[in-house]
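The structure under discussion appears below in the form of structure tokens.
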Amino acid sequence: MSSWGNAVKISIFGESHGNGIGVVIDGLPSGEKLNMEQIYLQMSRRAPGKDKAATPRLEKDFPEILSGVLNDTTTGAPLCAVIRNTNTRSQDYGNLLTKPRPAHADYTGYVRYQGCNDIRGGGHFSGRLTAPMVFAGAVCRQILERRNIRIAAHIASVGNISDQRFDGVNIPDELIDRLSSAVFGLIDPSAEPTMRRLIEDCRKNGDSIGGTIECAIVGMPVGVGSPMFYGVENVISSIVFGVPAVKGIEFGAGFAAAEMRGSQNNDEFYYDGNIVKTRTNRHGGILGGISSGMPIIFRTAMKPTPSVSIPQNTVDLSTHTDTTLEIHGRHDPCIVVRAVPVIESAAAIAAINLLAEVHKL
Amino acid sequence: MSSWGNAVKISIFGESHGNGIGVVIDGLPSGEKLNMEQIYLQMSRRAPGKDKAATPRLEKDFPEILSGVLNDTTTGAPLCAVIRNTNTRSQDYGNLLTKPRPAHADYTGYVRYQGCNDIRGGGHFSGRLTAPMVFAGAVCRQILERRNIRIAAHIASVGNISDQRFDGVNIPDELIDRLSSAVFGLIDPSAEPTMRRLIEDCRKNGDSIGGTIECAIVGMPVGVGSPMFYGVENVISSIVFGVPAVKGIEFGAGFAAAEMRGSQNNDEFYYDGNIVKTRTNRHGGILGGISSGMPIIFRTAMKPTPSVSIPQNTVDLSTHTDTTLEIHGRHDPCIVVRAVPVIESAAAIAAINLLAEVHKL
Amino acid sequence: MSSWGNAVKISIFGESHGNGIGVVIDGLPSGEKLNMEQIYLQMSRRAPGKDKAATPRLEKDFPEILSGVLNDTTTGAPLCAVIRNTNTRSQDYGNLLTKPRPAHADYTGYVRYQGCNDIRGGGHFSGRLTAPMVFAGAVCRQILERRNIRIAAHIASVGNISDQRFDGVNIPDELIDRLSSAVFGLIDPSAEPTMRRLIEDCRKNGDSIGGTIECAIVGMPVGVGSPMFYGVENVISSIVFGVPAVKGIEFGAGFAAAEMRGSQNNDEFYYDGNIVKTRTNRHGGILGGISSGMPIIFRTAMKPTPSVSIPQNTVDLSTHTDTTLEIHGRHDPCIVVRAVPVIESAAAIAAINLLAEVHKL
Amino acid sequence: MSSWGNAVKISIFGESHGNGIGVVIDGLPSGEKLNMEQIYLQMSRRAPGKDKAATPRLEKDFPEILSGVLNDTTTGAPLCAVIRNTNTRSQDYGNLLTKPRPAHADYTGYVRYQGCNDIRGGGHFSGRLTAPMVFAGAVCRQILERRNIRIAAHIASVGNISDQRFDGVNIPDELIDRLSSAVFGLIDPSAEPTMRRLIEDCRKNGDSIGGTIECAIVGMPVGVGSPMFYGVENVISSIVFGVPAVKGIEFGAGFAAAEMRGSQNNDEFYYDGNIVKTRTNRHGGILGGISSGMPIIFRTAMKPTPSVSIPQNTVDLSTHTDTTLEIHGRHDPCIVVRAVPVIESAAAIAAINLLAEVHKL
């Protein structure tokens, strides 16, 4: 299913080489002014070939809004945004999958849809489908900002090269400003050249590299989320795994907490004026599934782009024999960079639904 | 929300010191014979104080089935199972929270429910609420076994002591048999003494220790799960984070994939007779959210039990001042051991819903 | 599915002759004081044999609350209430359906559940399952009353004997008080003797009779409900058809509107002080799926009780031949009387979910 | 919410005078061939001004399919179809509602969306939004026909002029063929002139008239639907009330059953060869919420079009005073005619979801 959400539902549609892709967002509050430049900015952060670009403006891929917005303000009716594909379908195209690419959804999609799914460019599994998610996220985060909730993510690592981690108890506004508009977002920009060299090395070798993204939701009020199955972790993870290449997620100390003692992992409470805070934030802003008022922090593991130009072994589904495959064409050697605004967007859509559940939207 | 699922919905209820706890399972297929001894066995694996026990039988905590089963066979109507609490409510109990315990849900629950939640023994946040989840899981896994789908988990690590990992391409039935009935489940039992010493050391020091659990779903047919938001990862993670103390989840190579190159991480396809398989299983049996036919493998990070007897700093919510807290009583120094069948149960409930979506239940 | 609701979910379980029946209500606001006498009262209105009773107290069928309530106040955790069955299962019972009763769910349930459903006393299809719905409704209506929303229904007709209709623009509090505690609720009590004579006549003849129930939700604020599929009509009808014997529902003028001209049916707006009202209420308090602030009014058609003692033709499923059937035992000749509080309860559960959607709960 | 469905979800978007309207259908089975001419035909039956038209082809309003279809075959990915509006938004438009039209959603929408909803042409409440529903229905009914399930509806009445009713035990294929492609669908065509005269009379007088629609779903297998809240009646009514102007629904004998005795209303079973049937169909093909194998039959009450040109009293929301209103322009004096394919479409979308629940899709 490509639909997600309760109070605010998104329904994403499209295939890489079909007529168009887009999203319907149902349940948005009415009367929310949308800053279209901000939406442009977010979408351009995800757009291919934007990494070094000077202008945040991206005409080609900007969605047309078909409904739900009047005078740049949400009407409360479902908002539909469509991005046309320029790579439109050719009539003589066979759509015949013979050699599934390793680590892609070719084989599993083939079985799931009995060979009928559109395989051109990955079809509905294409990373291109994250564009409407970024659009939806850009809409949601404007609504969240108006409620003093801000979201920022950064490239936490590329291969074995790491950025700093968020200081979980103090994430300054300037850092959020900087990261949430960055194309190669790092807390410590000094890691950039090393990361770029690693990525460039992979590209030259026809290979790719994985990485991690760390995301913070700052300003979430205390008491959001419900125990058991509508906890903050459940809700965020259930949308974040919708981002291609995500193979893991951890909140707060996450897997590191599994090696700690309770005396090391517990975060002590204290009063900062009238506000209850914790002196450390290994709990990632979530206790018992419910927000604590501290920044919500999570990290995602992104596998390396499966498209590598090195010859690989695979099968031939038409002849039922083993074979080899060479993938041609240019591919992103490190999807992590462009995935940063996608993860932020997933977090924003999750956050708006969590707020609605407790009537704080 | 303590309800989860689409085709097969579970609704868990109860508080640690209320009259009873239990679960309603709605949407089970009719005509499924239930082996009650097997349910006893699974529940006893989770029960406190069972670790060294000789008998799998546990009368006290065994649920009464109120509905949905006739002659040990599911009727298709909702199955409700209730476990009475023996620690029943005292009339004069104040239910007043003053000092929230660090890393517990005391503070967040207090805000979420405006001080009205039952705090005795953790109330609805108590680990005791995993008992009905194990019951539901034990029912579901019997139905899955009849469809040749089996589930097993083990203690992958306690602190820095690790068990072996599953061999992702070959998980023998005997291993599944052994693990799915074990109380201290390990692939390599030689790790047990060291793990026990570490846990005992924590107990003596009034401290606790975290760990990880690795779980495998074997026999899931190819083509289960849907792209984007109803992928196998989304569905499993959205229920697994309902298990207390889980702070992270990873599928297949997970976070390790984030350090790999594509050429290292991609799993090559080959024909094993007429069946498409992969020679390695870094994808954890899931590509594009859809099962590949290889074992589905995931690991969860469990934080250390928050209840430590060492004095901790916290706040006094009645006086709005900082204070200290000493937690008395006996607590499980390592929740990982008893959480193994809970994780298996979450996996079973997820699996049955995933199968139903593609009409394979 | 016996689960319903979004913000406040109910999950009803049980079979007529199983161990027990009940309901889990998940998502109730915390801190809501429950008046148990009021819950007794509502349940006794539905209870069999209560029609002429002097006392509203009914010990036998009163549910035990297992969770979600502490000191008579909701904790915010799922509320589970259980009613034990005294007619418990006999071990030697065959559960074999051979002659499906006309107009009952015997045949359809047999096919749906492949002969595995508990057929004793109707099993999960039994009218007895409306008891937990009345419990849930009684809880919800107390919460609604605290928000000045009140619900009352009456026997609008039995066979061809009619009560008055609600005056859609003026439903006084005293009428609501009277109806919402009545056992044979009529706006105009003078219809009672005639109705009773008709019912008695049916009973004597081993027959039964249908009727209609009219229900009003008074005090619902303007602007509740959403266009298309979460309109007030959609939500109410989707739960009301869960009440056995309901075969139709109409809002406001309903089917009568289908014979009117627009000039007759349209309700004109006017200002009553600062409040926009309509002078008539043929729209039933709903325009475009959204509440108008006028009383929400709907009527349900209840078919006659299918259990009649007159011999009927049916089939023998074991021999695949036509046969005849005589149903013995005492049956309610007119289910309408006892269904009144059930319809009110469905309306209350619907209303609480509608309010939550627009953050007015 | 403008989203509906579980296994097959529709998400309808658009406003009457926005850029476009459409629908996303998520969860369709893959590999379903779509006959585009049949979709044209269904959409033209609903299109304005088509009543007397000779050609079923309607270019202007035909949707562009953006995704989910390749070589006229469903891919399994979400199908998005968009219809452009030619009446696009003017920049200087004020969107200011002052005089809400009686019986329209103007006032309730104004409060619901705090004056931000697009009111031009009814906005999201416009009857124009039924076009995407007919598109979705046309897709679903082709899939249903392949499973031998057919749907047809007819104008059961206009004002007090009635057509015949369906013979509930025998609905011949030729009748279904004729009705499901008719523009003014009647079982007995002799009623047409009288109905047309009544409609014409209303038009001349600036008035409108209501009516009823009867719909049959033929070929639904036995055992579809679930007790309580996912019964066939619940599911159908929850979508049918999404069709503008519907104010009532009844299944089988419906409100007439409320005047019957059990001995009159019960439908007797018999064997027709090996198939269990009923000799009459007052149960409307549904017992206990579950299909009986007999035709599923329901009727909806449609209120008269609220737009009448006769002067009406209303309020002025800007001055808080009472006022009068004259509605100009051409309006459909009887919406029933064009609503017939919309009701059929709602039934088709409901049916496909009901089938999926029991794995019969």
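Going in written order, the chains are labelled A, B, C and D, and every chain counts its residues from 1.
Going forward, contacts are C-beta pairs under 8 Å (C-beta built on N, C-alpha and C of every residue); 3 or more make two chains touch, one makes a residue touch a chain.
Remember, predicted model here, so these are calculated numbers, not experimental data.
Listing every chain that touches chain A and chain C alike gives B, D. Relative to chain A, the chain whose mean Cα position lies farthest away is C.
The centroid of the Cα atoms in chain A and the matching centroid in chain D are 38 Å apart.
For the pair chain C and chain D, the distance between C-alpha centroids works out to 27 Å.
Residues of chain B found to touch two or more other chains are 1-3, 12, 77, 112, 124, 226-227.
Interface residues of chain C, counted against chain B in their complex, comprise 1-3, 9, 11-15, 18-22, 24, 26-27, 30-31, 64-68, 70-71, 73-80, 82, 89, 95, 112-118, 123-124.
Contact residues of chain C toward chain D in the complex are 1-4, 12, 100, 102-105, 107-109, 111-112, 124-125, 129, 157, 159-160, 202, 207-212, 222-231, 233-235, 237-239, 241-242, 244, 246-255, 257-271, 274, 276, 278-279, 283-284, 286-292, 301-308, 310, 312-315, 317, 320-322, 358. Within the complex formed with chain C, the chain A residues making contact are 6-7, 27, 77, 227, 356-357, 359, 361.
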